[in-house]
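Shared between the two complexes below is chain A, which has chain B as its partner in the first and chain C in the second.
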Partner chain A sequence: MTVVSLRDVTREHGEVRALGGVSLDVSAGELVAVMGPSGSGKSTLLNVAGGLDRPTSGTVTIEGEDLAAVKDLAALRRTSVGYVFQDLNLIPSLTAAENVMLPRELDGVRTGRARDEALAVLAEVGAAEVADRFPEELSGGQRQRVAIARALTGERRLLLADEPTGALDTATGDEILQLLRTRCDEGAAVLLVTHEPRYAGWADRVIYLRDGRIVESGAVRMESAR
Partner chain B sequence: MSAFRAALRISRRDALRAKGRTALIMVMIGLPVLVITAMFTGSATTNVTMREKLGSVLGAADARIVTRPFRTRVEQNPDGTGIGQPSAKRRERPWTPGEIGALLPGRLLRYQANVVEARLADGFDRVDVMEADLRDPMTGGMRRLVEGRFATAPGEVTVSPELVDRGVRIGDTITVWRPDRTVRVVGVAEHPNRPGVLEMVALPEGLLPHQNDGNDSGWLIDTAAPVQWSDVRRLNKAGLAVQSRAVIESSDAVSSGPMDMHRLVQVGVSVLLVVTETVLLAGPAFAVGLRRRRRELAVIAAQGASARQLKAIVLADGLVLGGAAALLGGRSGSAPGC
Partner chain C sequence: MSIRHGLLALLSGGPRYGYQLRVEFEASTGATWPLNIGQVYTTLSRLERDGLVAPGGADEQGRAVYTITEAGREELERWFSTPVAQTDRPRDELAIKIAMAVAGDVDVAEVIQTQRVATMRALQELTRAKRAATAGLARRLVLDAQIFKAEAEQRWLDHCEAVSKEKTS
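Up next is the complex of A and B:
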């Protein structure tokens, strides 16, 4: 089942063509790695795929809904899309649990229920014990776990991760990748931007971007790499 | 609703984290509110305090007549404060008891007051001097005799208990500087509502030289009927200020009508000032640290906050900080006796 689908998507910033006609489908349970040199349009692809940015032309469909027809993109993001960035993901003045609760509270879910949900998801990502700590009291790996938990609350099935391991050491990075892979196997669609060729091995598919175009795409799933 | 709760939570936590910014906003909003409420509260409580110290000022007299340097028309509050008078080209001859008796019949008792330097055991210190004949029943309640007797002759004084604590004893002589005199202590008398004051009480001109009109001198008066506001205005017209027991004790009666209007205008102006200055200052105050805030707002937006919800978060900031600042300012501004 296709969770997100891009058709001939372009995105231009004035003269700069960040995306130059990209088509891509990501299904539930699929982890797609996006690679490419800096400035090749990886972040732009993620933003357009998640409705943080609108394409200049082409169509983006999330869970069957054409984004061009969606009036309240914010609501769609709350219910369908989760983001994880390289760092500075969490709001410093909120505890881990409160950070995870936030999208649900923004969606109108009552505080008590949002907290119960948050604690459940935190437990799923192995961060239950840090629920009441503030981001600055957490290690880099713990922070990313919390960010992933937040991206998954409310049964969101599209997870967009922009270099989530970029600020982590190798061992911690591997743990985070393992976590993403697990979430994926449980039904999430994951679009992962990464610089690390090693992580390509965890993906079901890798696409290479250059100058806003997909130059190579292939199923590279190598059981040995895991 | 829970979205707004989340917004308030973020604002509250941020306010606690960024203490410098919070303090700045508190000061920018709270201080003017404090000043305005203090001014307003101050003017509202004057009557009460004057009523409270009526005994020490008037004794048992019906009124105190305060002379002024000129004989132009005096403007004053009902409680005898806020005295104003346009100046004239030359000073008039001094008021005589006869002239005053013609304006307001009654028995007069002279008083005058000043501050002198007196030599105590540990050096010179500033000491208040009040001069009135405390043996006269009209002064009943102005001072309480603790020990010895009141002054009965020029050069005799009673001293306040504080002076006893500073080593002065009955029978001692005290050297005063400006005017250069020596006075003899015959008793200890206590001020009813100024504990700790350094004070000597003598007969009129028993320590101080004669004090001209307008130089903290005048008469207490015992009249047949209470001195009314109309009497006060009549004496004002002649150039005298008046503190009347009847007027001060029933200051509500005087302030009904035009005074209520006055108060209403006062409240209106205060509210207007508070609102205007908050609006004017709040903007710059919240701009402080907005750059840091912008990053946070971007993260919240990525979590699916709508434009309206982001605005709610900024608004929550205003509610949390502005509300706390105004409350704090208002509370400390209206705290009495500080």
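Up next is the complex of A and C:
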């Protein structure tokens, strides 16, 4: 089942064309990696796919809903889509658990339930022991685990990750990919932007962007592992 | 790849017979470099000729057992303490191909993209094998070695593309 679908999407920033007509489907249980040189449109693609940015033309559909027709994009972003960014910092004055609870509380979930959910998802990503610590007390890998937990909380079926392995060493980076992969194998659709081939190797499909367009994605498709 | 030293390393853990060496070699390297039994016996007889192993009779089932000698232990120690030289590796066909493409009348970007797709597929397969290899640190590290090499090649291809683009634009 297709979770996110882009059709002939363009995005122009003034004179600059960041995306030049991209079509892409990501299904449930599929991990798609996006590679390309800086300035090729990778992050723009991710932002448009997750409703953080609107396309200049073309359509973006998440779970059958055309984003152009969605009035409250913020609500959709909180409930359907999880984001993991390299630089999306955790809120320093909140503990790990409180950071994870935040989007759920914003969505009206009671504190007690939000905390239970947060602890469950922190345990799932192997960060249960840091639940009551503040971000500055965590290692880089632990912080990224908490950020992923925050992206996973609630029943989100689309996960967008922009260089989630940022400054992490390769062993920790592999652990982060293992987490994303596990989530994917459980049925989430994952779109991963990375410039590191070793992490793209975890994907079912790798697409290359050049100047806002997809180069030959079909050739890199692999049979699904499942 | 040094089968010779691989077998010495296994024999340093105690006497073994030929088939056992083959099985253990493949188990620790994850069958990345499959050995046939003929290679094992040829290597053992050379090691014996060089005084690095000694035939140690037969086990209860009549299989010829080999034991590492003192000279063999010294050789193994020397091997572990010596880095592998870059020049010991064969010529790099891909580098030659790209060099020829750049020098000749060939679409370099096309050659690069074709290779990139193939190398990425290899990386995906290696990663899948690594995910499946839940037991065995040795096997995992051998797969990691191949992943790092494939990644280096991929980065080099990106570099080739960027540099050749600069030159032509």
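The definition used in the following text is that the second predicted complex is superposed on the first by the 216 of 226 C-alpha atoms of A that agree within 3 Å, B and C clash if a C-alpha of one lies under 4 Å from a C-alpha of the other, contacts with A are read in each partner's own complex, and residues count from 1 in each chain.
The rule is short, and it goes like this: a residue touches a chain if its C-beta (ideal position, glycine included) is under 8 Å from a C-beta of that chain, and two chains touch if they have at least 3 such contacts.
All figures in this text were calculated on a predicted structure; none of them were measured in a lab.
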item	value
Comparing the two partners chain B and chain C, which touches a greater set of residues in chain A	B
Partner chain(s) touched by A:94 [first = chain B, second = chain C, both, neither]	first
Partner chain in contact with A:206 - chain B first, chain C second, else both or neither	second
Partner chain(s) touched by A:114 [first = chain B, second = chain C, both, neither]	first
Chain B versus chain C as contact partner of A:54, first or second or both or neither	neither
Doubly contacted chain A residues - partners chain C and chain B	none
Interfacial residue positions of chain A with respect to chain C in the complex	37, 178, 181, 196-198, 200-203, 206, 208, 215-216, 219-220, 222, 225
Parts of chain B lying in touch with chain A, wherever the complex brings them together	1-3, 5-6, 9-10, 13-14, 16-17, 295-296, 299-307, 309
Interface residues, chain A side, partner chain B - complex	52, 72, 74-79, 81, 83, 85, 88-94, 98, 101-103, 105-111, 114, 150
Chain A contact footprint on chain C (complex, rising order)	113, 116-117, 119-121, 123-124, 126-128, 131, 147-148, 150-151, 154-155, 158, 161-162
